[in-house]
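For reference, chains read A, B, C and D in written order, and residue numbers begin at 1 within each chain.
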Amino acid sequence: MANSKFEYVKEFETDDRLPPSNWIVVRIDGCHFHQFSVDHAFEKPNDENALNLMNACAVSMLEQFPDIVFAYGVSDEYSFVLKETSQFYQRRASKILSLTVSYFTAVYVMKWKEFFPHKDLKRPPFFDGRVVCYPRAKIIRDYLSWRQVDCHINNQYNTCFWMLVKSGKTEREAQEMLKGMLSKDKNELLFQQFGANYDKLPAMFRKGSCVYRDKVEETVKFDLTGNPVKRIRKKVVLGHFDIVGPNFWREHPEILEED
Amino acid sequence: MANSKFEYVKEFETDDRLPPSNWIVVRIDGCHFHQFSVDHAFEKPNDENALNLMNACAVSMLEQFPDIVFAYGVSDEYSFVLKETSQFYQRRASKILSLTVSYFTAVYVMKWKEFFPHKDLKRPPFFDGRVVCYPRAKIIRDYLSWRQVDCHINNQYNTCFWMLVKSGKTEREAQEMLKGMLSKDKNELLFQQFGANYDKLPAMFRKGSCVYRDKVEETVKFDLTGNPVKRIRKKVVLGHFDIVGPNFWREHPEILEED
Amino acid sequence: MANSKFEYVKEFETDDRLPPSNWIVVRIDGCHFHQFSVDHAFEKPNDENALNLMNACAVSMLEQFPDIVFAYGVSDEYSFVLKETSQFYQRRASKILSLTVSYFTAVYVMKWKEFFPHKDLKRPPFFDGRVVCYPRAKIIRDYLSWRQVDCHINNQYNTCFWMLVKSGKTEREAQEMLKGMLSKDKNELLFQQFGANYDKLPAMFRKGSCVYRDKVEETVKFDLTGNPVKRIRKKVVLGHFDIVGPNFWREHPEILEED
Amino acid sequence: MANSKFEYVKEFETDDRLPPSNWIVVRIDGCHFHQFSVDHAFEKPNDENALNLMNACAVSMLEQFPDIVFAYGVSDEYSFVLKETSQFYQRRASKILSLTVSYFTAVYVMKWKEFFPHKDLKRPPFFDGRVVCYPRAKIIRDYLSWRQVDCHINNQYNTCFWMLVKSGKTEREAQEMLKGMLSKDKNELLFQQFGANYDKLPAMFRKGSCVYRDKVEETVKFDLTGNPVKRIRKKVVLGHFDIVGPNFWREHPEILEED
């Protein structure tokens, strides 16, 4: 029994290969995560375990998909950068999008217990995603800056908001107080009212998280005289750096090197 | 601190809304599931638990996403049909693709223990997906026929193949024997050599699985005289029907009704 | 000298084939034709010669491109409908768009003298175009209705506007008078002030122009007894019909017949 | 009479804006120009008048469309490069494609008599076109190199072919002789058999044609003492340069300057 009579339906599938020589960003974002964070009693404004879980998933992503050269995450969102020369699934957008978002989701559920040993998953966590092409490394840096500046703006706001709420304000009052307040005045508020130095908050909250491959020196074994034999290898690492300024990129020029 | 300087990067995002008045199919497919089925010792040619897990995920999908009007699954693959008038996320392809594949994946991992209480997940199961538009209900029926005919061809082949292998042939020998063999001769082989009537195998193996909403009568309560008070409601149901022929569609005309 | 070193640039070309089984509309539209009509002193509100030239180009289009089954034109705009099964240039959007708009333009310039024997072309007439897919014949009919209703609205307005202007009003005054006026009141205005019965204006102005193929009986030759030998053949014809209502389509069911 | 009932058909139009920060190439190509060149008795292998007409059209294009920064033409083909920052019609692909190919066509027909005063146009010349995005200036240079190398390969072949044919070979024989012949052997053939030095042929045939804007010094008027008053302005110019090597681009760095 041949299937030729119905196979014409395959012709409706479109060729969705992304243009060559463009950097590819997959950004995934928790769907209904506000409710999800309530259901699972995430700490406000930042739940360290939830962020660590997101970061663990991102590390798994770089271990699974060699074409991802950099990832940046904040809150329930993560951006994955594929190098411009990537030939991953012939650059087919649907494949890239579905595989990455699916893998991330699977790891998130599988690792949940590791980060929340005392909480059961009450409903399926799921993510939406999108794929965007960027023609030059310079623009990828601007993309990442955009996300990190957003991280800062949101985190500063949320830190103030929740300190006010925890100190007795209603959510409405806290919102009113912060409306239109300048960045430096928010820092001042934290310091004056709560004795908190914003810059001393954990870097993960303020800067978000970067995942990439770095050279690490490892001791492989010891030779006959007892001296360590070392080798350099690339390892997926996690850090919380400023990626708006030039320093990080000067120290890791190979990440966004253009062909 | 405004973010305007970097916000121009948003302009690189494309408008990927699917054309109106087209039926939308999302087909998801297990990635590296051959290896996954080996790692988790799935039964061959069909692992009932693995299929039941897939079906349970599909049922969850229809419960979660009202725009899905029909789903058809076979092996590690599932097709979801969204009605032509769907406005789900304004028909944005990336949203539809990523959310559905992510939700399916999350449910798959969460329900694993229910279907495999004695097996641990050894690695993340993940799925690729694609979105395809079909302009008319008639073509959707051809699409579904294409998948079901494929199901039949593969299942018949695999049934013969594994019976031969389990009876002592090498995989190579089994492959050689089946090469070019006609459909009816395969049935004959099953009957003559193994006393198996192909048509008596479980419908789930032969026909795949259909998930849709059907009217069911429920007893809501009993009235004062002890008589049941019933109501009709739509419920997500699962079945294993022939969907190539006209009967199923005659009985459920509302599923593919065109606007 | 091989060209392989640079040939990689071809990979940046995208596959722009339109989805199968969709009706295709190419709509072309005069670019800067307001100025063009001033430069060439077109009569207002309708220049018969200019419309006849547009129509002659449309007839040439159907003679040149057999996949066009219907064309509808109004003012400096023309829509061409390609049948849903068309395989013209494998349905590549760029090919379809560029070839049709280019051919139309070439014929427009070449036939200019025929319709404007006493006017020189002062600057190149050119057209923009777009390609749109429609999944069902019913929607194509709505598309054509949309254009014809637009034709009516614009023509009625313009007829009133120019009668007022020609009768001595300034353009501003005419605009003010017509602002928000109902359709039937516009007809009344024409009748009361100018003794004009809108429905008696030329159908080409009120209804636009339709171009399609129709069966015509032709006398091929005369036989020995002097009787005419006739044959039926398909010929490109032009008419000014109502295409919103069902009559035209009932009389020409083959034009939008679906496969 | 409102048109709202049918206006939904506009939703089928797609957003076809090209991605920002990409160079845009529109390449147009004569359709059925082999037959067209036969019908109008173009000289072989190169008809100077036909090439001059193409070039005149390209010059008109740069005068009409300021976003075109460079054009390269050979035979019946022309490529137009729009700068990466162009906002021409919001970068909508259909607008860019249709307007340019339509304008080119109109000018081609209008200028025909100027270049072929003794030949009537026998049928409409028309062009297909495509739009391609390139993410970096370096790749645009490779694109242009690709076209110029193609020009060289074709022209050298055609020069040999037609010299052989004009000297009495059949077209088949000429074809056979040239099959697989190396570039330098073709030059040798021209020199040995026909005393022709390929490098002395007109640059327009060998190199194709470049159109761009250059600074030119103009005498605007003469002052009271009779001295010329000059000014520098940008003018569209035509030349036949090597654009594979770096020299032309070194001398005109502003053409492909990236933002």
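One rule holds for everything that comes next: contacts are C-beta pairs under 8 Å (C-beta built on N, C-alpha and C of every residue); 3 or more make two chains touch, one makes a residue touch a chain.
These are the chains along with the protein names UniProt gives them: A, B, C, D = tRNA(His) guanylyltransferase.
Predicted model only: the values in this text are computed from it and were never measured.
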item: Mutual neighbours - chains that touch chain B and chain D alike; value: A, C
item: Maximum centroid distance from chain D, chain identifier (CA atoms); value: B
item: Rotation angle superposing chain A onto its copy chain B by C-alpha atoms, nearest 5 degrees; value: 180
item: Proportion of interface numbers common to chain C and chain D (over half same, under half different); value: same
item: Where chain C and chain D are represented by their mean Cα positions, the distance between them in whole Å; value: 31
item: Inter-chain centre distance, chain B versus chain C - centres from mean C-alpha coordinates, in Å; value: 47
item: In chain C, residues with contacts to at least two other chains; value: 8, 12, 14, 19, 21, 133, 139
item: Chain B-facing residues of chain D, complex; value: 8, 11-12, 14-15, 17, 19-21
item: Chain B-touching residues of chain A, taken from the complex the two chains share; value: 1, 3, 6-10, 12-14, 28, 31, 60, 94-95, 97-99, 101-110, 121, 124-134, 139, 142-143, 145-146, 149-150, 152-153, 183
item: Contact footprint of chain B on chain C as seen in their complex; value: 19, 21-22, 133, 135-136, 139
